[in-house]
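Both complexes below contain chain A, partnered by chain B and then by chain C.
Here is the complex of A and B:
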């Protein structure tokens, strides 16, 4: 038996789906989090029957006539894939809108159960709903649920099994079938809403009219204020970073790194002196060292994910979209573009996929091209490493990276707008503002564990493999001889990375080791940390004082041979060049245009190079009074990039002037 | 010479745009906060947006209240929900 979960955006479908299937799909307190259907089986504990029950979670929609791409997934599914039962999740605090969709569903000839969700909020909002009467008027079962707490879910599943095969009569004879006549269609729509209005009048009593000012509205006026909005956002991100990277995160990280170190020593002792040095070095320095360096940052990242999950649950993110809308609109994007970017802070792939909700082709492609600039979860170890080693764990480094990302996105959008000159296309912004709520610690914990699991799996698979390969390439020369001590430049790795390193001299980090780490970062950004650990034989990036004691060779910064300015340039280069290959794949899918894809990748390279160049050269000038190495060749490179952009803009201006003339 | 012609055209277009602003019909962008208005018409050529607003309950004859003006957005109350809309969209909702 197959159950479809349908309902308005942000009515809690995915939360309910997670609760009845035990899965951990991404949830957030804003509309439009789910963009593709997700499937799972009802948990054994809830399924009293013999056969398994398949549940399909669908993107939220306000009606069966699709408006956006993800809405059409829902209407196509319920119309064409014959679900056995439809569970319609209705936000109990907003019956007057939600039941419009409900009455449409009731006409499909498929048994419908209404889950009256968010019932826990009714009391607080002074709303009373006569459930029995509502069920009678709709002609279907209505069950009160609170999916965030699991209330009413056993009954919901039980009733779904009972109602299987019994369809109801539609309360509103609307003839849902495709009405060709537009006027008739329009009339039916109006009548449907009138019907719902009558119904709601009977079954719902409100103490407070919903259009009266509330404390939430007062909070909005401060949080999304035209002047205060941005500083508040900055402060929130700063607090998140200072807790995760300066205060709580390192506390746990010290323990974890201690364990990794003892594990290293344990394996070392286990192998003894009989194992070939090449093999033992591969295992110890390549695999345990490289993966261990990445894993050491797990606690910092877990704390960060926990805090981000709290934010996502609170309703704050929708306000960030409102604050950002005015800036994004001026550069030819819509406020909706912020949603992919917010999701992109977890991982760029679902972020880029979320651009699907943007209807305008140009806006969607531009957003897909710019979303990967947001620092994702895999880039966090890189940020944490450089903040820790070169800037004594300063929280401003991480915060600054987010704001530099936003600046790059805005500038990038402006450039794309000038090149394509379609920014004049009118796009409206509308977003439902969900209620603020106290974020659930439990949900944040679950979300953190699920993201941590994904991080560990990546570290144990792709990162491990890359580190092993990099270590082997570093160990052998082109003639497959083991590299002689002191002759590190003859290794395969050095051979491959050196030409690239040459190009990076003007950016302040022309060492082949750093180039190799940056290249490995295209496979997965955590690799930057892992490969740096391998090529410099550093396992412990976190407890740097201990490293100094152990190695006696000076601190990590000295081993890498970077000044703070060059380190910052290197960090930004890694953050703002093209993302990993998987994210590029997602860009390809959503852009659906080769030209856009290559232009996007080219642009990302250009940005990474230019930003790193200016950070290094200007920073070096400010700290030492002289420019850094390779200032002139680098300038030529940057001027070339700027030249290409200016050429494209001029060409477009010229073209549009010709068009304008022809139009006259 | 050519350039001057084109620039003049651009200028005149800009001017027209300004003129059209003056003759605007009463819409939500000028609404008084906390006063419920009845929607007269949703005036846009974007039929999709019009249909979408309809499904939210935002159509002629319905009540809408502006709750606050944030940044360049308007927070409106329609049915029992709050939405943030931009000024362009607020202008299309005639009251």
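Here is the complex of A and C:
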């Protein structure tokens, strides 16, 4: 038996899906989180029958007439893939909005059960719904559920088994209408709305007038204010970074790093002195040390993910989307562009994938190009490393990276708008703001564990392999001889990275080790940390005392050959150059244009180089009174990048003029 | 000599395990091992399979 879970955006489908299948799919307290269908089996505790029940969680939609890609997934599935039962999740606190879609589902002939979700909020909101009457009028079962608490779920699954195989009758005769006939379609829509309006009048009683300003509305006037919203967001992110990277995170990190060090010493002791130094170094420094350096940041990342999950669950991030939407629309992006960018703070891949909700090609491609600038989870260890080692765990570093990313996105959108010279398609960002609620610690914990698991998998796979390869490349020369002590410049790794390092001199980090780490970052951004650990033979980045023990606190910069300004430039170069290859693959798919893809990658390189150049050169000028090394060649490079952009803008201006003349 | 051989085997097992996990996730349709959102199952829709996976091309127009 196959059950389709359908409903409006943010009605709680994925939460219900997770509750009945036991899966941990990403949920968010805002609309548009699910952009692809997800499948799972009903867990044994809820399935009283013998046969397997498959459940398909579908993206939210308001109608069976799709407007966007993800809405078409739902429409296509319920119409063409013959689910045996449809569970229509209806937000009980917003009945009038939800039932339009319900009436359409009832016309498909497939048995429908309405899950009246979020019933736990009805009393609080002063809403009473006559469930029996609603069921009678719709001609289907209506079951009260609260998926966040598991309420009503056993009954829901049991009833789904009972109605399986029955024919659904529609309360509304719209099925036979010819939908290609716009006049008939419009007439049916009006009738459908009238039917729903009449139905809601009968079955719903609201004790609180909807036009009365509530405490939530008052809070939104401040939190989602177009000006105040920005400093509030900055303060919130600062507090999040402060807790995760300065206070709570390092406490746990110390324990983990201690265990990693103990494991390192244990393995070292097991091997003894007779083992080949090459093998010993590969296992200890390349694999355990490299992976351990990345893993050491896990507690910091987990605390950060936990706090971000609390923010999402509270409904705050939806307000951030509203605040940022105003600015993004002004620079030619879609109102929906903010959603991929917020999702991109977790991982750039789903962020880029979420751009498919944007209908206009230029806006979708621009958003896909700009979304990876948001610092994703993989970039957090890099931020944490540099904030910890060079800026005394300063929370402002992480906060500043988010705001620099936003500035880059806005500037980038303006540049793309000028280059493409296309008028923006008018877009609206209609998002029902979810209610503020006390965030669930359990949900935040599950979200944190899920992301931590992902982090560990990446560390144990792609990071481990990269570190092993990098270590081997650092150990051998091109003639496959072991590199002599003090002759590291002759290694394969140095040979490959040195030409790139030469290009990075104007940015303040011309060492081949740093170039190698930056290059490895394109495979996975955490690699920057792992490779730095391997090439500098540092197994523990968290405890900066190791640096102190090595050569004194004042010589920390000398270990990597970086000043604080150069370190900031290096951090920004890694954050704002192209994302990992997997995210580039997602960009390729969503842009659906080779020209846009290459232009996007070129633009990301240009931005990363330019930002790092100015941070280093201006920062060095401010701190030492002189420009840093390579100021003129770097300036030429930046001027070349600017020249390309100006050329593209002028070329398209010229093209537009010619087209205009021809049109006249 | 025997110790070296054991170490080589251990390293080979670790590296092969990591590579096998990457390949297995790739075969399941994941663009990146461990990506928390893009899904590790065969129902995930992303990367090159985007248009053929779940939706119609006109969905994005």
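FYI, the second predicted complex is superposed on the first by the 647 of 664 C-alpha atoms of A that agree within 3 Å, B and C clash if a C-alpha of one lies under 4 Å from a C-alpha of the other, contacts with A are read in each partner's own complex, and residues count from 1 in each chain.
In the analysis below, contacts are C-beta pairs under 8 Å (C-beta built on N, C-alpha and C of every residue); 3 or more make two chains touch, one makes a residue touch a chain.
A quick note: this is a predicted structure, and the numbers were derived from the prediction, not measured.
Looking at the shared chain after the overlay, A:189 reaches chain B, while chain C stays out of its contact range. In the superposed three-chain model, the partner touching more residues of chain A is C, compared with the other of chain B and chain C.
With both structures placed on the common chain, the touch criterion links A:444 to neither chain B nor chain C. When the two structures are aligned on the shared chain, A:304 is found in touch with neither chain B nor chain C. Looking at the shared chain after the overlay, A:461 reaches chain C, while chain B stays out of its contact range.
Look at A:221: by the touch rule set out above, it reaches chain B but stays clear of chain C.
When both complexes are overlaid on chain A, the residue A:229 reaches chain B alone and has no touch with chain C.
Taken together, the two structures place residues 359 of chain A in contact with chain B in one case and with chain C in the other.
The touching residues of chain A, counted against chain B in their complex, run 62-63, 65, 67, 93-97, 100-101, 189-190, 193, 210-211, 213, 217, 220-221, 224-226, 229, 318, 321-323, 325-326, 329, 335, 359, 426, 428-433, 657, 660-661, 664. Residues of chain A touching chain C in their complex: 25-26, 35-39, 66, 68-73, 76, 271-272, 274-276, 279-280, 282-283, 287, 343, 346-347, 349-350, 353, 356, 359, 361, 364, 377, 450-451, 453-458, 460-462, 464-465, 468, 524, 580, 582-583, 585-586, 588-590, 592. Only residues 2, 5-6, 9-10, 34, 36, 44, 46, 48-49, 51-57, 59, 63, 65, 67-68, 70-73, 75, 77-86, 88-89, 92 of chain B touch chain A when the two sit together in their complex.
Residues of chain C that touch chain A in their complex: 3-4, 7-8, 10-11, 14-15, 18-19, 21-22, 25, 31-39, 41, 43-51, 53-56, 59-61.
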